[in-house]
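Next come two complexes, and both contain subunit A; in the first it sits with subunit B, in the second with subunit C.
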Partner chain A sequence: MAFVAAVAKRSGNVRGIKRPSTPYLLLIPGIAWLFMFFIYPLINLASTSTQTPAASGEVGAYVQTFRFANYIDAFSGARDQFLRSIVYALIATLLALAISYPLAYAIAFKSGKWKNLLLVLVVAPFFTSFLLRTVAWKQILGNEGPVVAVLKFLHILGPQSGLTASAFAVVTGMTYNFLPFMTLPLYASLERIDPRTLEASSDLYANGITTFRKVTFPLSLPGVVAGTLLTFIPAAGDYINATLLGNPRTKMIGNVIEARFFDIVDYPTAAALSFMLMAAILIMVMVYVRRAGTEELV
Partner chain B sequence: MPTNNPLSPETRAIIRAQMTRRGVLAGAGGLGVAGLLAACGTKSASTGAKGASVTDISATDKIARWANWTLYLDYDSKSKTYPTLEAFKKSSGINVTYAEDVDDNNTFYGKVAGQLKLGKDIGYDIVTLTDWMAGRWIRLGYTQTLDAAAIPNKKNILTVLENVSFDPGRNNSLTWQTGFAGFGWNKSLLPKGVHTLDDLFAPANKGRIEVLSEMRDTMGIIMQYQGVDISKTFTEAQFMNAIDFLQKKISDGFIRQVKGNSYKEDLISGDAIAVIGWSGDLFQLATENKGKFEFAIPESGGTLWSDNLMIPSTSPHKANAEAVINNYYDPKVAAQVAAYVNYVCPVQGAQAEMEKIDPTLANSPYIFPDAAALAKVKVFASLTPAEETKYQTAFQKATGN
Partner chain C sequence: MADAAASTKGDLTLSNLVKEFGDFRAVDDLSLVIPEGSFFALLGPSGCGKTTTLRMIAGLEEPTSGKIAIGPTDITYAKPYARPVNTVFQNYALFPHLTIFENVAFGLRRRGVKDVKEQVTKVLELVELAHLAARKPVQLSGGQQQRIAVARAIVNRPALLLLDEPLGALDLKLRRQMQIELKWIQTEVGLTFVHVTHDQEEAMTMADTIAVMNEGRIEQMGTPVELYESPKTVFVANFLGQSNLVKGKVESTNGDDLLVNVHGNRIVVPANRDFSTDNHERSVLIGIRPEKISIEHPEANTLGGGVITDISFVGVSTQFQIQMPWGQELAVFEQNDGGASHLQKGDTVSLSWKPQFTFALDGTADIDAGTSVNPEEE
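Let's turn to the complex of A and B:
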């Protein structure tokens, strides 16, 4: 023991003091980045969320009073929008999964030489702005657009009704906008499935449905978990779709935070709502990942 | 009008606005907000940058940076320049950077408030903001006093705008443009027009009505319909009465959306057929669409608002900015701008100059309103900061936020 200690001491002295601290030095930029852009803003956000209006009463002037009741007030003021965000995001996630799974499956197993082209097509919408894509849906679903014309012709829609400025349009927009986030992880996990496991399944007299249920789907589960998370999290906080495709009765929590921050200049409530959204999503994700039983995400 | 663009300027405006907002809020996940809050600092108790002194380097640094709203300065789509600005640059040697960076009073304030408070240059030497927001800047000491000697053309301001409650004597601001809020509608679908709030909320228009997200304009029109004089102090009950009215129209599905300039696109697409909107917008729409749209001041009364030029407290180019402002108070230049933007021109003598450019515009009640039009509109009374917060909260809640 004494020898080891002596060697350690010697190497510390002789080889230079720098050596043990090198990894820490290398970590500094990363930690500084994390601190500046994550920890510090988070602390600031937390600190803002418990402030109350200053005595001067000036718009946007707040003092720290550690009023935790801000959270209760913020939540009770925006309960509907909170619930709506979660419901809309859930529906959009399920729809995206229903559309993406067959798509990813087809690309992974059935596309042959078209595989790369199809993958590019899935990613292609990313090359245009999120906003432009949403505005485009306003036109697709608009009163003068093709969808409404067809539905009216089929008498599914009445002559006076339309599709935009509705919950339907908001969920459609979200499903579309976050679809690639679902398709790509699904594709990645499906593509990695060893075809021999599928062959083995059929060798054991499993039909297509059983093979899918017992082999393909369980093996693609990491992709499903990753895809649903990558879709649900941004969808729950999204407010662009609700702004452009919704109406005043379909506002989401993101809209409330925006209005609180910019229009009312109520920083504490905006901060409290942001924190609650973050916490709610974190808890839901943790429960979900536990239940899904996957440790690795893709 | 820059109409040969694939996207209308309004679309570009909302897209840009939303993109910056998106960047700011980062999907409302909280981090973006946090960043901004960080910029505001935790010591939010101290407000105002009173006493902050900035050295004027105008003489050596011949630039002026101007933030304005979209479609708010004469623009030549062929040369892609602003003719009056180009002329000014040539004659003065001051290089003016003009940016259509203001898309909403609140959003713009949210973006620069942190720097203003800390006394850091916000990147603009002239900002153009609406009365109530201009009042907030002046109250907080975020503006510089205008040097009357440097702006001799100041004397040309319309008498009605000479003295305003938020800036007595116009020491810190000068009007850029003025306009009305009232009803706009699609003439081919509503040949009878919209002249009262009952016309607007007619059952046939259900779900195709849009109102302005600018609280004072929408609420001002509803309150006047309910018989309240919005130019004088009113009670909270009177305001909340109007909120109830708005809330009812929203929950019954009459109102499609509550928004800013982008109601224009919905009128064009047919998604909206009647709106509470701004005179200049509808005048432009009518010109571009061969009279398909029309504007009217409500019979019960419309609102009159102004956007004001101000020099931020953080600007190191005050003298240059004053030269720019002085230039636009020259009736000749003002008439050129008015011929393009179609809002109410605040400069005396511009009407005579307009006769030379376009006699029809010179007689337009939208640009040079007569006494009859002015009698039908009111300026929304100034609110105390406490009222401002209370009313804005009620308005945002009613509109779904």
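Let's turn to the complex of A and C:
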């Protein structure tokens, strides 16, 4: 860092009196965009979250009264969904990690000439709509579908039970939908590992498992952190999977926010929930990134 | 596995080792014995099979056929982590996520050694980098990383230390310094070192014994002096240092000497320095090293009528290119002791040398073998 700073300082001196303004001009469209579509709505949302219904009693009309108790009310009304979101997102993230790691490892180290094709296949689902793919899981897990048939044949599933409209279906859908976000960063960091460090490890008396634990996995940590964040953050706020694959008892915080906004037209509660979700995710991510210690890694 | 490093000591024996990659035979029926405690160099141009040989000894490559043994123990198909062998990799392959201390401790920890801290500290002191123990590899210079790679390997006291072009990434000055240092470390720890390199000067500086490899086979093996003074093949004569090779025909023998007609001149070659194996029509190549020739100091062997075409001054010596009457250019290195300072381009000179420096090789061999080889990094 000190080095970068020193270089920056020096190049600044070399350029001398007149600093070029082009970089700042180039930033303007981006900043304007961010302000209009991120900063302004965020402020607006913050303001909405402390409003109370207008005296007129008209639906959707609210006035600013700085009622911070809105947050307490909102949370006590949606505590179950809040916790459920975090738990589902965590499970989906761990499942995605468990599925993606071997896949990314195989693509990075073992695929040879098939590497590019496999990477395309990982991304290929993006060519169809997110909604369609989620609906497709309804059929896969449906009572006439192959999964139920196999499970019933193996007597894992009773004759009267099914898989759809369940927590299982929601988590399965989420895991599936976010797999590429886990696989690609994992692949990128695994692919960067110099195979000679793995050879060096085996040369230094580490067998395959030890080499994985002591060399491969630590070196892939940046990918693990990136992949889990890219999966967990959208998964925690997701409501499509819960809507299409769940039942009333699997509602997530995203469903509550959606209902508050569009069905009940209770903007302050929806805004307060959004803010709390954002804060919760931010705190968890910060703790996680600090504990993973990725800044120590090259 | 726990005491893999301590279990076997002894000579390394390679027997009829073959490695094929598809149709390509990288190592071709290689057999050699490397005595315990020696500093052995495998020298050759890139693609000669030396690195493949090393990787087979390390267990990173499986031989197509043949046998590798250390002392009485056959390790041909042993896993790399189960061999008493450690490698210093070409680009060091240090673990970027571990500190220098943990890099060096890696092998000890895997073997469950007790006094890790003591041993690591000791070996870091040996390579004079104990003060960098808490750093990460990226924070070290190339030369320091190189020494850590050596420390990481020798701390395990392997029966065999393999060095794969360990100095290839360093600049010339640092490389010379590291050559001396590595040689010193080898005498200090007394391990068998097998060093793979394309740099003939490096091999000669460091190794007790050099095996010159070409196209998967060993051309010649011996001490640096033997290889340099008595090359047995054209490849060795050209690859190790520089040689003047001139076609000639054996006319007769006189006692212990061969008399060779070289473009009308009579050149004497001691019979015990006649390394030709194929005496087809008695045609030979006579060889003489450039620094053995003197200009205009008559000796028993003389070739006359050469014209100086180029002179380059390189400090300790001056290098002359001399065109002989039959068109061939020969090289002569003269010490800068004042004897040859009057010579100029275009001068006509005679080249003379003592018969005992002459050697004779197969006349049918390709005179350029080993010269056009560009020793670039692999």
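The definition used in the following text is that the second predicted complex is superposed on the first by the 269 of 298 C-alpha atoms of A that agree within 3 Å, B and C clash if a C-alpha of one lies under 4 Å from a C-alpha of the other, contacts with A are read in each partner's own complex, and residues count from 1 in each chain.
Going forward, a contact is a pair of C-beta atoms (placed from the backbone, for glycine too) under 8 Å apart; a residue touches a chain by one contact, two chains touch by 3 or more.
Not measured: the values here are computed from a predicted model.
Peer 1: Put subunit B and subunit C onto subunit A via the superposition and say whether they clash or fit.
Peer 2: On the shared subunit A, the partners fit.
Peer 1: Does subunit B (first) or subunit C (second) touch A:D73, or do both, or does neither?
Peer 2: So A:D73 meets neither subunit B nor subunit C here.
Peer 1: Contacts for A:S56 in the overlay, against subunit B (first) and subunit C (second): which applies, first, second, both or neither?
Peer 2: first
Peer 1: Quick check for you: in the superposed arrangement, does A:L42 touch first (subunit B), second (subunit C), both or neither?
Peer 2: first
Peer 1: In the three-chain superposition, say which chain, subunit B or subunit C, touches more residues of subunit A.
Peer 2: B
Peer 1: Once chain A of both complexes is superposed, is A:D194 in touch with subunit B (first), subunit C (second), both, or neither?
Peer 2: It touches subunit C, and subunit B stays clear.
Peer 1: Quick one: smallest Cα-Cα gap between subunit B and subunit C in the superposed arrangement, Å?
Peer 2: Distance of closest C-alpha approach: 35 Å.
Peer 1: Once the two structures are superposed, pull the subunit A residues common to the subunit B and subunit C interfaces.
Peer 2: Dual-contact residues (subunit A): none.
Peer 1: What residues on subunit C touch subunit A, complex-wise?
Peer 2: Within the complex, subunit C contacts subunit A at residues 1, 4-5, 58-60, 79-82, 85-87, 89-91, 93-97, 106-107, 110-111, 136, 138, 152-153, 156.
Peer 1: Sort out for me which residues of subunit B touch subunit A in the complex.
Peer 2: Spelled out, the residues of subunit B in touch with subunit A are 11, 15, 18-19, 21-22, 25, 27-31, 33-38, 40, 42, 44-45, 47-48, 104, 106-107, 109-110, 113, 136, 139-140, 207, 250-251, 253, 255-258, 269-271, 384-386, 388-389, 392-393, 396-397, 399-401.
Peer 1: For the complex, which residues does subunit A have touching subunit C?
Peer 2: Listed in rising order, the residues are 194, 196-197, 199-207, 210, 214-215, 218-219, 221, 296-298.
Peer 1: Of all residues in subunit A, which touch subunit B in the complex?
Peer 2: Of all residues in subunit A, those touching subunit B are 37-38, 40-42, 44-45, 47-48, 51, 53-54, 56-64, 77, 81, 129-132, 135, 139, 142-144, 160, 162, 164-165, 233-234, 237-240, 243-244, 246-251, 253-267, 270-271, 274-275, 277-278.
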